[in-house]
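Labels run A, B, C, D and E following the written order; every chain starts at residue 1.
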Amino acid sequence: MATENYKLLKKESLPALFDKLTASGKTIYAPVKNGEKTEFDVVTKYSNDINDEYIQTVQSLKGTVFPKVEKLFDYKSDKTDTSIQEPDFSKFPQNVLWGLHPCDAAAFRPLDATFRWDYDDKYFLTRMKLTTVVGLSCSKHDDYCFCTSVDISPASSDGSDIMLTKNKAGDYLVEIVTEKGQEVYDMAKELFGEISDDKESYITDVPKKFDLNELNKNLDGSFEAPYWLAQSMRCIGCGACAYVCPTCTCFDLQDEGAANKGSRIKCWDSCGFGHFTLHTSGHNPRETQSQRWRQRILHKFSYMPDRIKVFGCMGCGRCSRACPVDMNISENLIKIMEEPKNE
Amino acid sequence: MARIGVFVCHCGENISATVDCGKVAQVTSDIPGVVVSVDYKYMCSDPGQTMIKEYIEKEKLTGVVVAACSPRMHEPTFRRACGEAGLNPFLCEMANVREHCSWVHDKNDVTTDKAIDIVRTLVEKVKRNEPLMPIKVPVTKTALVIGGGVAGIQSALDIANCGHKVIMVEKEPSIGGHMSQLSETFPTLDCSQCILTPRMVEVAQHPNITLYTYAEVESLDGFIGNFKVKIRKKAKSLDEKLCTGCGLCCTKCPVKNIPSEFDQGLSNRRAIYVPFPQAVPNKPVIDKEHCTYYIKGKCKVCEIVCPTKAIRFDQEDEIIEVEVGALVLATGFDIKRANFFPEYGYGKYKDVIDGLQFERIASASGPTLGEIRRPSDGQIPKKIVFLACAGSRDPAKGIEYCSKICCMYTAKHAILYKHKVHDGTAYIFYMDIRAAGKNYDEFTRRAIEEDGAKYIRGRVSRIYERDGKLIVVGADTLMNAKTVEIEADMVVLATAGVASPGAEELAQKLHVSYDQHKFFAEAHPKLRPVETNTAGIFLAGACQNVKDIPESVAQASGAAVKVCGLFSNDELTRDPSVAVVNRTAPPLFSTCVGCFLCQSVCPYQAIEKEEIKSRDGKILKTIAFVNPSVCQGCGTCVALCRSKSIDILGYTHKQVYAEVDALLNTL
Amino acid sequence: MNEFEPKVVAFVCNWCTYAGADLTGTSRIKYAPNVKIIRFPCTGRIDFMLILKAFAKGADGIIISGCHPNDCHYTSGNFHAKRRWMVFRTMLDFLGVDVNRITFSWVSAAEGARWAEIVNTTVDGIKKLGPYDNYRKMVNEETEVNNG
Amino acid sequence: MSNPNIYKPYLMKIDKVTEEAPFVKTFRLKFTNEEDAAKFNFKAGQFGEYSVAGEGESTFCVASSPTRDGYIECTFRETGRVTSALAGKEEGEIIGFRGPYGNTFPIDEWKGKNLLFIAGGIALPPMRCVIWNCLDLRENFKDFTIVYGAKTVNDLVYKHELKEWEERPDVKLITTVDPGGETPDWKGEIGFVPTVLEKAAPSADNTIAIVCGPPIMIKYTFPILEKLGFKDTDIFTTLENRMKCGFGKCGRCNVGKVYICKDGPVFTYAALKQLPAEY
Amino acid sequence: MDKLKQLAKELLSNNQVQIIVGYEEGTVGKARPAFISSPDQADTLIYDERCIHNLAVYLTQHKLPGNTKIAVIASFPVMKSIITLASEKQLDENFIKVIGISKDNNIIEFKDFADIERYINQQDLSFTPEEQALIDKIDAMSMEERWEYWQNEFSRCFKCYACRSACPMCYCTLCITDFNQPQWVSVPSHKLGNFEWHINRAMHLAGRCIGCDECSRACPLDLPINLLTKKLSMDIQKQFGYSAGQSLTEPYALSTYKPDDKETFIR
């Protein structure tokens, strides 16, 4: 790849940048080392625990825009009157998500598409609007990663507002991708320099395991395919995969509190749960785990691209890492690709 | 749609003195679902009740909360009133603002607020109450009495005389139990058999009593009012209809050396035998274990001699099934025997005997025809030592309880001995003399004072033989634990009374509880001493605990009254507050997963298995089922069930949850 | 500021403690009004979840009381209850729940004075412990954004 | 409002409660806020999320006709947490409603046709909306036939309206109850809906059939309609799948690619045939 | 383990069982549960120290076809699970063949469940010092510290229920968390909801937990929730002398009692 021009952010400038962001009222999430593991956490200052060479966290940052539990509104009511108190949307936090890998940054696309589909979800969209994504190219990967198979590259800046790539010296090559990115840059111009370099050379090489569009075609008419059952035998139907996934959006609406006061809450749910689709009558359209596994795959790789024009998988491999019984998604997708197409 | 009426009672001034009843009514009228809330001086008075009834009709109330005294006081009153107004009585609840509020707190706002909270809680509960119907179960008016000792006999006769059918099952060839073995009885010293035999005959002849001797209960199913019992009639090898009881067979049987159970091994019987002359029924049975024909395949002497050809060698055990509405357990007790007292040489020395053996020796119908002669050589013992508490109250032997009868019968034995052997000396080792009972203490004093029994307070450590004498070594605790040694001709051990041998097994068959000593457990030690935990099964006599005859008979009559009380109804009406296992739409059918952990917590064995079957009879699921006729509504199962599959009517999850919520929500 | 008045819920069985509390009333023995009673058929019916629910709904303390051992109207409900509490209490303690806020007691139908005493000592004890803020904090936790 | 909150319900006052059958009630609901009322409109077949504070939301179709202004109605059966709580509400109390969601019956396209309504049990509500809508525009349509069945006489909902329809000369109403469900004075048919339908044999010519009912009834009714000559594009029905949001986000109701909340609940038999078995 | 493969082949080819639940090579160096239904698949079976999943969980998931005989490869925890499940009437002995694997990796063929019971009772069932140490560490904390510790841990939980799904003893078709009238356990994964969930889980497994640690292993967020049930197991063993998975017939610790159960806190 050719050499290009980048802004340069020196390693030493990071503390100052973080201080500025914090001072401007932003909440910063960054990948923080904790023993063997690295997980996203809120930080107010730059520290050496912030890991810019992690492979992947267990949990994504989905929760910053689609919290695992979100209060929609409070209500109060008595015998004759009821009132609803919405949250103050203007008080929603201004988040800077620091150091997400391209898969995670890209994951906001399907979230956005879902929460915008015909009906705008004010909660999500407000949070998203207040969020600045600082992406980080991947210098490492593991066998679970398969971003290249879902048309994302370890260096792609799609979904990020600012894109960082760490160079040999440990400094960052910076791309300003969006206006929001520009704002951050403008806020701390003095910390940035200029450099020209070839960022591709610092990036890990993730092998491509399958072709996304081929897969999409293969899935057409696969509804009755026998492989769903074969693949899902071991699946124990927990929600681990969906809960770590940066793009899964299934949720539940619940009331909490008593009749006179309380709140309505939106909280994560998973299509893998047996009672997810259970009718009150006892009938369950997705009664078996294989039907639910099929829903998971088809939703991401067939229904979403069809209905909202975006795939529901970013190749981060989280679900495969988290699954207690090794339901490795890319392995299964490859197997589906290998199936003779049933015409 | 909830339409609740709240009725706040002043109870004269009992409530209104500290609680602002008007305010309670006013505030509670704002609770959603409350359509009327009023206060009144005396709710339980006629006008008060009429007011409630009128509101029920006028306001079409779906629930009533009476804020007044304790429900333990007036719940029936107000529920009846509601019922009369056409509201299901179980849709009425009481808020206890008197005992739990006005009487225990001072007059102030806090007290009024508490009253309001109590009402609110009950309003939320009653909103979730369901109309309940009292449970009705038909009653089969036949009783089964198990055990034909004096207790069983008494119960059977009492019940039969009330006009109900009774089936009696006795495992021995004759009824009579231990009492028939006794010589004379304390404290009156009347002849045991003389008073018992007529009653035994009455049992046999009573038109309402069906007697099965040589029979045992095989299994029990069902529940109060509706038991199904399988009875095993052991083969007697005899056609009882043909047998006239002439006894010829028993005299001709060549097997002569079987120790007689009735005489406690002090005499012998034949292989075909009647246990004792007054036996009821007075017909023999063949003891298959000892009969030569059954052992070797030949003999048949009895068959040959029988004038009516009543012997049936090919007879087999027969299982009959009967339906009964109640059971009386009267299987009695037993006493500890050989092996249990190696230190006393019991079983080793022929002249160390137990109390029952002494009874036989003292009995006019016994092996010695009532003369006190010792087993070894038939000599009349001149010095005789009685040991009370042989095994009883002895934790080391595992029997920490008092056998209750020994003190008395030992005194009796001493008296009987002195009456028969005037020059003899009776020594009695005892721990304490327990003689509580009408004329009991007088009786023991008589033994000491009139009949000169020598009471020594202390334990016997050892008995051994020396020169044909039994040396009894003990300590006299009243004499500074001085060692006492007595050269006795005979020793009688008042061995501990214990549960009858098959008690545990029987209890398990019948699902009644039993204590650690295998005596059957009463439902409540004070208030329900003749009932078991299993509704419809009652206790009589020594099977519950060792007792003497008067106590056994009294309890037996008590049990009979319980049975007759039960039988005085064609149907049983039970509190509908029972547990139910939920049912849901298929394919789940119920959230119960059939772990049956609930089964073992239920104190009443009310939980059964229910199979849910498809149309073609395939078992789809096995779930728990609570038999509403048996469940007493304690709810112990409810709190155990993890998946919340059992609920208890009247105290449902929804109800109690709402109560907790309401009580705290606005506090 | 007023003195802290704790909210205490009592779960009692119908046959012994409820009747015992009735006797307290009949005997006109005064006790702290902070305690409110919910009636159960038997201690065996009391689900541990109700205890948690009471805390969640704002109770500062809880009394659970039934018949003395061997006196259970249903013979063994209280024995079962006792075992469950032994286990449940261990659990609560292990989780850092303040088990001193739960009084377990046996109060018979004849022990009216004892009921008053149990209530008063419980209320005093909880006054000393103060409001159950830890639990309240957990309940009132804002369901706001977090990273997971 | 420029940026409405799609989760926020309208507050509705219960104006009238009608007990239809055991465990089945109809609520007439009025907006507590005039502005909301003025802006609100819906079409036959659409549904909404009804909520009880503290208990949650639950999905029912709007059972009243869009031609009747100023209120909406819903008919529901008490089955679970929310519906039980709803059933406990009285006139004058407030509940929440958000909607309308979903597609509609193409009533405009039915002009000049015969209409055949076939309903079973509690499934009459979605149908009732269309029936009244069409009756209010009666002149647009030709023959008007309603076949309605329930388990027992007691289970028939909208009893007063059934009477009204029965008495109207321009409506042919056939009611039926399952064998064994009749009362001594029952005058209607006895038999299952499909059987009664087959017997009545309405003409398929220029006729639109609208079928709502329990899955088992629908399953047996479609073949009979086809046998009678109905085209699958002329047969309409509604589908129900569990849903939370009502607008295609919560992930429950889809049947393959099709979202019942957005692409439904109204489907033609022809469309149904294309769907995988996931409802 | 050639013997294992051999045995599997035999069982399948003479139709003694139709399915074998065992382990196979997974991805990225993991082992994972496998379902073998024909002799030629048997070669994929493995057994080594990576094979830690408690396979008993599959015996109550009604995914396996009914009326077929199933063989299951059973490490020690699996054996204990099977005994507990059988004592709770969840397994039909006639349809389950248990291929035990001893601690030193030898195959044990069990005749019946009673046979397993016997085997279990010959093993050392005490808690390891490591397990004890983990519990002791928490026990040693002050009440406030314990509260903080668990609040912290629970606040991470997002209620994916992997812990429940992975536990063989959590076989309820409708878990208490799915029960909504009343809503015993708050659905959302906020602090209270999580707290309620974890107490419930622990109490429901009190004395039933066989100590396989599968729950915390399954937890993607590594919550040490196995300590809760372990603590209770220890306590119940100490107080009532009961340990799960030891007996087919002995009543479960919390569905029985002894009149002389000793406690110190009831007034």
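Miscellaneous remarks
One rule holds in what follows: a residue touches a chain if its C-beta (ideal position, glycine included) is under 8 Å from a C-beta of that chain, and two chains touch if they have at least 3 such contacts.
Please read these numbers as outputs of a predicted model, since none were measured by experiment.
Minimum number of contact steps separating chain A from chain D: 1.
Considering the contact criterion stated above, the chains in touch with chain B and with chain D alike are A, E.
If you compare B-C with A-E, the chain pair joined by more contacting C-beta pairs is B-C. Mean C-alpha position of chain C lies 33 Å from that of chain E. Here the spacing of chain D and chain E, counted between their Cα centres, is 48 Å. Averaged Cα coordinates give chain A a centre that lies 69 Å from the centre of chain B. Our note on geometry: chain B versus chain E, Cα centroid distance of 42 Å, whole angstroms. Multi-chain contact residues of chain A, defined as those touching 2 or more other chains: 59, 68-69, 79, 252, 254, 256, 258-260, 265, 281, 283. The residues of chain B that reach two or more other chains are 32, 588, 601, 640, 653, 657, 661, 665, listed in rising order. Touching of two or more other chains is recorded for residues 158, 174, 181, 184, 188, 190, 221, 254-256 of chain E. Chain C meets chain B in the complex at residues 5, 7, 9, 14, 18-19, 21-26, 28-31, 33, 36-42, 44-48, 50, 53-54, 57-59, 70, 73-77, 80-81, 84, 116.
Per the touch definition, chain D reaches chain E in the complex via residues 80-81, 84. Within the complex, the chain E residues that touch chain D are 180-181, 183. Partner chain C is touched in their complex by these residues of chain E: 138-139, 141, 143-151, 156, 158, 184, 188, 190-192, 195-196, 199-200, 202-203, 206-207, 221, 228, 231-232, 235-236, 239-240, 253-259, 261, 263, 265-267. Within the complex formed with chain D, the chain B residues making contact are 1-3, 32-33, 127.
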